[in-house]
Amino acid sequence: MSKELRIGMIGYGFMGRAHSNAYTTVPHFFDLEYRPVLKAVCARNMDKAQEFAGKWGYESVETDYRELLKRDDIDAVDICTPNNLHREIAIAAAEAGKAILCEKPLAMDTTEGEEMCQAVEKAGVPNIVWYNYRRVPAVSLAKQLIDEGRLGRIFHYRANFLQDWTISEEVPQGGAGTWRLDAKAAGSGVTGDLLAHCIDTAVWLNGMIGSVSAMTETFVKERVHADTGAKQIVEIDDACAFMCRFTNGSLGLFESTRYARGHKALYTFEINGEHASLKWDLHDLHRLQFFDHGDDSIVRGWRNIHVSDAEQPYMSHWWVPGLQIGYEHSFVHQVADFLQGLADGKPAGPTFRDALDTQKICDAVLGSADCGQWREIA
Amino acid sequence: MSKELRIGMIGYGFMGRAHSNAYTTVPHFFDLEYRPVLKAVCARNMDKAQEFAGKWGYESVETDYRELLKRDDIDAVDICTPNNLHREIAIAAAEAGKAILCEKPLAMDTTEGEEMCQAVEKAGVPNIVWYNYRRVPAVSLAKQLIDEGRLGRIFHYRANFLQDWTISEEVPQGGAGTWRLDAKAAGSGVTGDLLAHCIDTAVWLNGMIGSVSAMTETFVKERVHADTGAKQIVEIDDACAFMCRFTNGSLGLFESTRYARGHKALYTFEINGEHASLKWDLHDLHRLQFFDHGDDSIVRGWRNIHVSDAEQPYMSHWWVPGLQIGYEHSFVHQVADFLQGLADGKPAGPTFRDALDTQKICDAVLGSADCGQWREIA
Amino acid sequence: MSKELRIGMIGYGFMGRAHSNAYTTVPHFFDLEYRPVLKAVCARNMDKAQEFAGKWGYESVETDYRELLKRDDIDAVDICTPNNLHREIAIAAAEAGKAILCEKPLAMDTTEGEEMCQAVEKAGVPNIVWYNYRRVPAVSLAKQLIDEGRLGRIFHYRANFLQDWTISEEVPQGGAGTWRLDAKAAGSGVTGDLLAHCIDTAVWLNGMIGSVSAMTETFVKERVHADTGAKQIVEIDDACAFMCRFTNGSLGLFESTRYARGHKALYTFEINGEHASLKWDLHDLHRLQFFDHGDDSIVRGWRNIHVSDAEQPYMSHWWVPGLQIGYEHSFVHQVADFLQGLADGKPAGPTFRDALDTQKICDAVLGSADCGQWREIA
Amino acid sequence: MSKELRIGMIGYGFMGRAHSNAYTTVPHFFDLEYRPVLKAVCARNMDKAQEFAGKWGYESVETDYRELLKRDDIDAVDICTPNNLHREIAIAAAEAGKAILCEKPLAMDTTEGEEMCQAVEKAGVPNIVWYNYRRVPAVSLAKQLIDEGRLGRIFHYRANFLQDWTISEEVPQGGAGTWRLDAKAAGSGVTGDLLAHCIDTAVWLNGMIGSVSAMTETFVKERVHADTGAKQIVEIDDACAFMCRFTNGSLGLFESTRYARGHKALYTFEINGEHASLKWDLHDLHRLQFFDHGDDSIVRGWRNIHVSDAEQPYMSHWWVPGLQIGYEHSFVHQVADFLQGLADGKPAGPTFRDALDTQKICDAVLGSADCGQWREIA
């Protein structure tokens, strides 16, 4: 008989849906000791909370996260709020002894992140951050190939995350769908929202970054704020690019923007090693490009791998070769791994501590862009 | 308050999973009057049935479909058995007044299919066949563009469905994963299994086919039968190709095989019209290729459309632009449309009657291959 | 000191340019015993002939091919006329002891082709037909890989050649750029013009075809004839598709049309073997797609080979890896191989006799389309 | 009757071949007032010079460029030497009143480049630098679309030029094929060799760059020198990346390396504007990717434009739609435009003065990489 992991969800937006779907789907496709139970959803607005609970089958609702944390029938909380609330809720949840699944980025800055790490470590509660792209099968396969040593010495890593949804000056800052443009809620713009994903994957695949040099730009200087209805200065970064040196000696180049017309969510990375190279693109997330210099010279070429075979990561749980899965499955895999980690006592990453590295790099990136100098990562 | 549609599932294999996932997922992403309830699963093997029920949350199990059909708490049955059982079960289900969702192909042949059509029409029960690819968003978008008249007069249609999983002579015929190689269970080989999909889409997009000329081949002549352990002659078609003329005057070319090394599930179609053309490929099912001759001549080119925007079919129910969904979602959409059809009184297709057209074409294809002559579709 | 091969060019159109470019370019990139010398160009229209001679450096002009054939300073004639003149000129040239480079298709039909073969064989003159696509480096590489046995038993071959330039009813038949729509000049439509290329490559790569079943269509029934200014019935095939069986037991599927909106010159082929498969597309002629089932299962995928390395066919003569060559280079390679064959005494193909196979298959295709029956190739 | 432009070629390597091919080919495909005549080739090694002259039809040879410059029968010199000889030869040629076609990069540094500009401007001789990629038809089409205002305000420009040919430590520095690894001959590594191309295109398409921040790396620290046979410190940059701000307010990101396993000559650029975006890749140089936000929302997608139609830049001179040209044609186009410029009195770019901008940016890039600071372009 499976053990229950009773979930208290805080938030009901896009990520609330993605995570709820993961909790309900995981037992249908994975055989695990633990089984998520949707116990409660928490949101300030009672109507929204009830609607969401009805939709997804949460057994109860709360309007104050502090009440949620007091409940004995909640084993784990899932923090899906804007970034500026992560620290407060996570520390309270740790103190309440709850396992924590926190949306990314971990925090508003490294200082907050460090406090959060200390809180969960002191409390000894399981913790993970939703850098979900690690668990796209093609990305997991990239990790496996790198760990097998197939690439050899690494020379280059490059990644970008390009969108185009804020080009219009009519897009407001603040509010339900657009809090990511409000520096008070989001902390930063594309750096925390998009580059944080690129950095998490990069550090996972290629190790820590030692130093960075960055530039940022805000193309639309003023936008109406949804709260006030008035035009206000935009304080987030619309675009950010940085060069870096990894501690393994390889060079990195990263870019993110919301002004790349034609790209909806173009998260790509490429890694070039002595013996082989790998490329991936979120727009076709079920494919991995692989070049192996060891192939016969006359038939060398980039292999376009359709990652859908049972022996490839996670795919034995799904359909048959050739049939692709989608974006949401990365969350299902993260829940599966988190639950397996609970059972094994080997926590699945990225933990808060892992995610703190990404936070440090983001802070260095923003700091470098401010001062125009290279920054070392402590 | 939503109305229940209480499902009795017959079968527990690959399609049993795909359909069960659709029933459980649809209420989370669609607002519908009807809500599926997983009432019972039926399988000859009680252990298998119970395991499946436990996994998916079916409330009860049956080992005889006749018992299932007697139950008052079942509104609809889902037939996921091998093809040779469709007719018997469907006719009994119709007589029992159940709505029916039947796996494809509809039947072993046109005669069976006609009987099934008459049964459901006489009983007046809702009925649909699981030709799920119609409801891949990119395919639905193709239908919309054709219906809008963007292509003009149609000249050509071509489709293929290429796999490579039976190249090894060690693959048996008959048995759990390989009943599709046993003519007694499957009726035909790639024609009913794969070309039927191509034909259903083609008729939906381009209208009825008037005549066909086909060839088939069985590359591996004998295979061990899983039931007997003995080598037996393989009676299915390993490969089938056919030329045809649609009633709208366009030419068609179709091919299917399980011997196309390198292709796992390469279902592609292309349609060429006077003004525009469309292409699609299951391996990247979230993309539609579109060429519009109306574009400025210097910038004409095939547009690679990433079908993930809210205004594109079904996508407002899922994530945000750039984030793709997968294979299984086509089943979710079919359930959503079936339920909407129940509410509206406008049945979603393909109904049994629609699917009978595909059956007729398959029969003509196999008949033509046998005799080496063109065959008219009645 | 190199030997001269003194060329008499008959015709000055598209192919006249392509071949003249090949003759002038080949000595710059290949070290060969023979060197082409542009001795004379022959055309009925003296002004056109002189203009062409001036452009390309032909030393003299003729307006009657019979006069050209009488000249002692001509070693080889290049026949670039419409198809209906091939036979007459080729037989006369053979009788005059000239080497012959003849545009494809060889003849109007098999009977003509057989006469031409007998003429060159009787005269013992070197002869070749301009099926230039064999010598696109990626296609030559495909041949090499097949000959090395990398594909194993072959199951499937498919090819198409799709264009869209005759969709408009305003395109005339007959005349300078449009003689290919006039059955009297061209013999057939897409079958002789486009499918002949597909067939030549197929037979070269996969061996002879044993039987065919075809269909043709003429979508625009009447077109103004450039000679008369009057609307006349169109007698060529606008589109042709055929199924076939190769003598090695594999199945083939071929299609050609000038009504595939969006395709300018989409010549593609694919061959599926037990161990590996190959694909090619003229639109990106410098690439070959290769799938090798022998690759590690987790990293299997279609390899996209950029054929530009020195060890790949012909490429040591050109630039450096990554830098592509184009369409016209296939003609340069054919001249280089023809000249090498002269030096070696090992004639480069396709000879007239080789090209007669393609002619036989084209005739069977057109015959099958007429009668609606399968046709055996004698 | 056409006018002669009598060429004196200095050098006989890769670029000597590419340019000689352009001179011989251009009159066959373009109708121009001027016609190049291959008058003399100059190289220190008489045997090499004579072999090259024989191959290409140069009428005479010289072993000292000063002798070449004295000749009255030379109208223009083409400088194809290593970079460290450009300045000396170009200034002497200007003083001798010769037109000059100089290989890129213009010079070893900005100081040299400025002297060269002053020399040609003082002498009033026609001058051009071989940044050939501007005249790839797809790149020229990009320029046309930008000039037509189709992109609107530009936000981003990114380019890279990735190779993998120096990964092995066995590759020497200095010598015939490897002088580009010798800082004394080449001045810099990938910056002058590869990034210079990216910068020339970028400035042409998107205007001047105002400031840069760069990093460089030399992965293999010592290599045998071909001249001495001894291991020596490698002084060129193996890899270089830089961020920049264009004067139009857009952000740029550039990268080049010879350590990107799997890439032979991956020169790509992308430009993102308010209304549209463009992408190009040298590996498939005949294609341009174009995204137009003005397209109907349901059918928006990147258009894959096969640049082979007569109305697209340069293509009316070549074959028919669908048939691609290659790398070498960019040089043919440059010669055609240079000759047209002579006839019109409107010099074709990039002139020495245009190329000096690229030199300044390269110097700023290398300077920034040295000091780790942003650098303004004067």
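Order of writing sets the labels: A, B, C and D. Residues in every chain begin at 1.
Keep this in mind: a contact is a pair of C-beta atoms (placed from the backbone, for glycine too) under 8 Å apart; a residue touches a chain by one contact, two chains touch by 3 or more.
None of these values were measured; they are calculated from a predicted model.
Its interface matching that of B-C in over half of the contact pairs by residue number, A-D stands out among C-D, A-B or A-D. Counting C-beta pairs in contact across A-D and across A-C gives the higher total for A-D. Between the CA-based centres of chain C and chain D the separation comes to 36 Å, rounded to the whole angstrom. Mean C-alpha positions place chain A and chain C at a centre distance of 55 Å. With centres defined as mean CA coordinates, chain D is found 42 Å away from chain A. Looking at chain C, residues 263, 302, 306, 309 sit in touch with two or more other chains.
Chain D makes touch with chain B in their complex at residues 141, 144-145, 288, 290, 292, 295, 297-306, 309, 311-312. Per the touch definition, chain A reaches chain D in the complex via residues 155-156, 158, 162, 164, 167, 213-215, 217, 219, 239, 241-243, 245, 251, 253, 255, 257, 259-263, 272-277, 291, 293, 302, 372-374.
By the touch criterion given at the top, residues 14, 17-18, 20-21, 24-25, 27-28, 55-56, 163, 165, 263-266, 282-287, 306, 308-309, 318-329 of chain D touch chain C in their complex.
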